[in-house]
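Same chain, two partners: chain A is paired with chain B first, then with chain C.
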Partner chain A sequence: MTIASSSPPSRLPLGGAEGARTRPKTDRAKAREAGGDGRLAAVFLAPALLGFVVFLLWPTLRGIYLSFTRFNLLTPAEWVGLDNYVRMVNDPIFWDSLTVTVEYVVINIGVQTVAALAIAVLLQRLTQSAVLRGIVLTPYLMSNVVAGIVWLWMLDTQLGIGNEIIAAVGADRIPFLADETWAIPTIALINVWRHVGYTALLLFAGLQAIPNDMYEAAKVDGASEWRMFWRITMPLLRPVLAVVLIMTVIGSFQVFDTVAVTTAGGPANATNVLQYYIYGAAFGRFQFGYASAMSVALLVVLSAITFLQYRLTRAGQSDLG
Partner chain B sequence: MTAVTATTTKVRPTRRRRLSPGRVVAWAAMAAIVLITLLPFYWILRTALSSNTALAAHPSDPLPVDLTTGGFERALGLQSTEEAIAQGGSGGGLKFWRYLINSVIVSTLITVCQIFFSAMAAYAFARLRWRGRDKVFALFLAGLMVPTIFTLLPNFVLIKELGLVDNLLGIALPTMFMTPFAVFFLRQFFMNVPREVEEAALLDGAGKIRIFFRVMLPMASTPILTLGVLTYITAWNDYFWPLMVSYSDSSRVLTVALAIFRAQTPQTGYDWSGLMAATLIAALPMLLLFGFFARRIVGTISFTGIK
Partner chain C sequence: MRIRTAAALMGALALSLVSGCAQGGSAGAGGNTVTYWLWDANQLPAYQACAKAFEQQNPGLKVKITQMGWADYWTKLTASFIAGTEPDVFTDHIQKFGQFADLNVLEPLDDLGIDDSAYQEGLAANWRGQDGHRYGAPKDWDTVALFYNKKMTKEAGLTAEQLGTLSWNPEDGGTFEKAIARLTVDKNGKRGDEEGFDKNNVKVYGLATGGAGDSDGQTTWSPFAASAGWHYTDKARWGTEYQYGSKTFQSVIDWYFGLAEKGYLAPFTDYTDGANPANAQVASGKAATSFDGAWMISTYYGTKGLDVGTAVTPTGPTGKRATMMNGLADSITKNADNKAGAKKWVQYLASNECQKTVGGYGIVFPATPDGTQAAVAAYEKKGIDVSAFTEPVTDQQDSTTFSFPITDYAADVYALMRPAMQDVYANGAPVSGLTKTNDQINFVLGQ
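Up next, the complex of A and B:
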């Protein structure tokens, strides 16, 4: 016979919307009445739990283990202690690629967040058109591969329409994806193009939760749209914005596809983002141990950033009454 | 990672407002956004319908130059090698239909299984009572924190050990059973189904299994549809994982094939016409899928997990 868990309801890492909804007392009381559904729950949970353990929990632990080994896929992994990490710290290409990745994330997230916020506000304050919302989402339907190839063409130095326009106004053609300084900002902006609409819709959904009365009241008081944005929209959107920011930063650090199809890490390692370097180490040089160590480093960096962002932006608290 | 849910958005009554300079600027900004969003789509079509030689001569002509379907024929592998090379292609084959079928199989397998299994788990977390429920759910939530990319290398090693490399099942398997997000997302909806509805069904003598299929799943049909379409799009667009697992035509999906097609650059330069035709064909199914469900999805995308 099963007895309902006596542990307090778990707290969500994000938000905490659940906490209020689960009422342990009534649940427990009802469970005693119903006698629990242990066996049925086991059946319902089995496939998901299997997937969770085999393809998420086990690989996570194994990834950490592999980072302490020398492993080339063909012979069994051999324990080497901290060797991979020592090598990583002394590997200038690793540090270069971490710098390039951070540069990418800063440009990508900076531009995307401002643009998504602007689009979301326009979609809320200017028009409620569902058609426009559908339109801004269309680039998200393309794969990164498609987006990369299309912009590779549009930004081609000789034949791309982008450079044709630049040449038409009399400026020098820019080798966007073939130049060491331009390549990373260009890739960052290509990915802004693909993701900004989706991000904007998430923010738009957050804006929908702000009562319209607030804007009406502010308008009666003679407040401008600009002032309403800073005094109403921004403070009340903050928790949503914080979570969206954490999500997009984590996604941004994992950039790979666009680099793979546009520059392949070049020119001269200028776009050798971390994930691309890790892929090369594993599948180009079969150093799975070293690749795993760099993955662990990325995981640590991401966890630290998530934690910091969560604290700094007070993502868990809402100012909306 | 995505965070979308389906709730009905309130449609505010539209009022006629005065046309102030601010609104003109705002509309101009909106128009610019729409232009930047949609221009690449037009340029894909325009390029795909042009011939490579004409493209080189008229790079900025707004209409297709030297209108031809040669690009599409090359992308679909309908041209002979000589023909393709003469028109600026690489002559390298693109077994489009094979890749399309592979993409459909993988995406369908992932979407159907993942959502069904996640819904089952979500129901167990939301409405069944069993020992350790909160602890197991906390573990699932912790899974949300692990970036997908971290599990790719060890998962590849696992798939290799299972002998599923270069196999469609090997591509689908890791995301076929669940994602923590799908479980979390669906649990939210099941928790919001009024208890009264469930209790009424119980009084009618329905068992919990019957309630899951007859009450819970139908009541959550809109969020399930939204999640399903987004899962399908994500699976269809995935490149990194299939790139690791598939080596030959038998398991190659469209994204990987497209990247290979792009890498087969002929001596004369890129086959832009063929490439754009290929990207258009690869993207079209998702545009159609979205177009078909857009009304229900866009109107209902909203945020979950936050107050």
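Up next, the complex of A and C:
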């Protein structure tokens, strides 16, 4: 995508630059062609650009503007300068919710990535069954809210089937979603359950791109599956894994729906993740200015994390060929 | 991947907004239609009956009623104010009144000629804003009482008379604590007041948990705090300071949530808003009693296999029983499409005629005394004795009622108190910490 939008448009498919060089043209003809291409490109780009401006650029700029105002959505916004940011820095609940969110992301992404990688490798090395691939994906077909409610019922301390089983084997009931120690790991694992299949499928697609002869050559050399995983699979999967990580980390930071339906941020703010806190400030307390300031902070955090990840994992380069 | 979910959600939201707009537009376009929103599905038939009578009396006017669940209701109402697709008339709650007044989205109803004395005491006055204007027409009221599983109380040797004359104090809990201790049974069949009771392995709790009560404690700690002489704010209405920092309040909270440590009150972890509210704990036999509001009468009495009774709240250190008496109202939105029709409809909703009709359904207590009487009779017909709910209103000698706190910044108070109360109940945080929360709240109010 980045290549398409950053390189100059060309009518020739691949290696257009060289092609043009072999057919010398007058400057006017070149200019005419470039102009024609430019117009055509503009026509093709227009819908996407319009969408980008209306749905991404404008809301982002307006959000940034609102973060410097006091705004309740129904009366005009009032400029307050840096007040919202000062309040944010001094707001212990904001920092607490940031910590809770990071805790969630670490558990969610950690478990999910390892599990998805294991599933993907097993899918590739052991079976090519499309049915199995379909089954792995099924939790992802369920809405987050539905999944959250179903798990809420299953894990209820008194009435949930999960705790009935725990009680039946003689162990103490576990307040999965009602205890401050358990709540975040539980929510993180509910989302792992829902998303692991999809993540595995993305990684599986990455694995398909690794030429099979590498494995065959390694086998001839007597390498074990374990060794092949570390020496072939992991290095060659790195760019895909990096992109998947960036996407899932961003998604994970935005956790909201599962929290909203299972714990509503409780008990005692133990699951008050940043998005939920922002939502409460905006739609519960009508403090859209402060909510915007926190959203800008989240944007900065996510941009920094994405940039770092991209750099550290060299996501833009492949070791293949 | 969650990005895609978000995109899908946004798409769905956009679609629903579009369809919502279309609905609003068509309703407004009619000109003779009054749109009306309410959240309680149980009350829908009663108000449909009122609408029918209203339409007969006002040829040409039509009432379009939309009902949606409590949580969706407020989200959608908020969204409708922003999008300009609000209903002409909606059922309003005191908890939200302050915020709507702040946002300036309500139409003054001074010209409807609402007479305060035509309704149960205090109901009409609550709906006057700080500017002195009326923003709600009284609709109904509810109080809180103790629901109990008759089979369990009988087994524990407690009579209806005993349960109806309980008293409590923050030192030893009085006869109320004794009763719920007696009703608590552990895994080995030992009762809470017996030697060798195992508080860590309780089979049936004496009292169901209704959560930490947030900022109002309506069906949890408020009957106790109020019967100890405490009130939320410095003034009955539009107070400027909350009093969660008071010694009285904190001693009540300490004692009340202390009941969970003793094993008599179900722990916080047993409460789930959606999956396991207080009535579900009683229904499943995990708790013997629960405090709940009059709006739950039909639910408790309609539970299969549950023989239920009700008792008034216990008498407190002030020598009186206390319960919140909360009243709903009908409000007209400032940007209502059909304001003239809306005013007629609200006038009718507030009339004795409509309230008697609603009362006849035996679902809720209407605000006019005649409407209340009709409801009591309707409940009686169903074999339900509702005196535990009506007595606090009629018997001023032994009972006192109080209102939901009405102040500015109600949503902020809720957002600050909710986690603070959960911290006390769920994590055993000291009640003295509530003083700091109270200071934060008063700081917000003082802005």
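In this section, the second predicted complex is superposed on the first by the 270 of 321 C-alpha atoms of A that agree within 3 Å, B and C clash if a C-alpha of one lies under 4 Å from a C-alpha of the other, contacts with A are read in each partner's own complex, and residues count from 1 in each chain.
Criterion: a contact is a pair of C-beta atoms (placed from the backbone, for glycine too) under 8 Å apart; a residue touches a chain by one contact, two chains touch by 3 or more.
Owing to the predicted nature of the structure, the values given are computational and were not obtained by experimental measurement.
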Exercise. First (chain B), second (chain C), both or neither: which does A:268 touch?
Worked result: second
For this session: Scan A:285 for contacts with chain B and chain C and give back first, second, both or neither.
Result: second
For this session: Would you check which partner chain A:127 touches, where first means chain B only, second means chain C only, and both and neither mean what they say?
Result: first
For this session: Would you check which partner chain A:160 touches, where first means chain B only, second means chain C only, and both and neither mean what they say?
Result: both
For this session: Could you tell me if A:137 is touching chain B, chain C, both of them or neither one (first, second, both, neither)?
Result: first
For this session: Please work out whether A:50 is in contact with chain B alone, chain C alone, both, or neither, and reply first, second, both or neither.
Result: first
For this session: Determine, under the contact definition given at the top, whether A:73 touches first (chain B), second (chain C), both, or neither.
Result: both
Exercise. So which one touches more of the residues on chain A, chain B or chain C?
Worked result: B
For this session: Go through the superposed model and pick first if A:208 touches only chain B, second if only chain C, both, or neither.
Result: first
Exercise. Which partner does A:199 reach: the first (chain B), the second (chain C), both, or neither?
Worked result: second
For this session: State which residues of chain A lie in both footprints, the one left by chain B and the one left by chain C.
Result: 73, 140, 144, 149, 152-153, 156, 158-160, 198, 202, 247, 250-251, 254, 257, 261, 283
Exercise. Touching chain C in the complex: which residues of chain A?
Worked result: 72-75, 140, 144, 149, 152-153, 156-160, 175, 177-180, 195, 198-199, 202, 247-248, 250-252, 254-255, 257, 261, 264-269, 272, 280, 283-286
For this session: Show which residues of chain A lie in contact with chain B when the two form their complex.
Result: 2-5, 7-10, 12-18, 21, 27, 30-31, 34, 36-38, 40-42, 44-45, 47-52, 54-60, 62-63, 66, 73, 118-119, 122, 125-128, 130, 132-146, 149-154, 156, 158-161, 164-165, 168, 193, 197-198, 201-202, 205-206, 208-209, 212, 225, 239-240, 243-244, 247, 250-251, 253-254, 256-257, 260-261, 275, 278-279, 282-283, 288, 291-292, 295-296, 298-299, 302-303, 306, 318, 320
Exercise. In their shared complex, at which residues does chain C touch chain A?
Worked result: 1-3, 5-6, 9, 75, 78, 81-82, 99, 102-105, 266-276, 280-281, 284, 286, 411-412, 414-415, 418-420, 422-423, 426-427, 429
For this session: Mind listing the chain B positions that touch chain A in their complex?
Result: 1-4, 9-12, 14, 22-23, 26-27, 29-30, 33-34, 36-38, 40-41, 43-44, 47, 55-56, 59-60, 117-118, 120-121, 123-124, 128-151, 153-158, 160, 173-178, 180, 183, 191, 208-209, 212, 233, 236-240, 243-244, 255, 258-259, 262, 270, 272, 275-276, 279, 282-283, 286-287, 290, 294-295, 298-299, 301-307
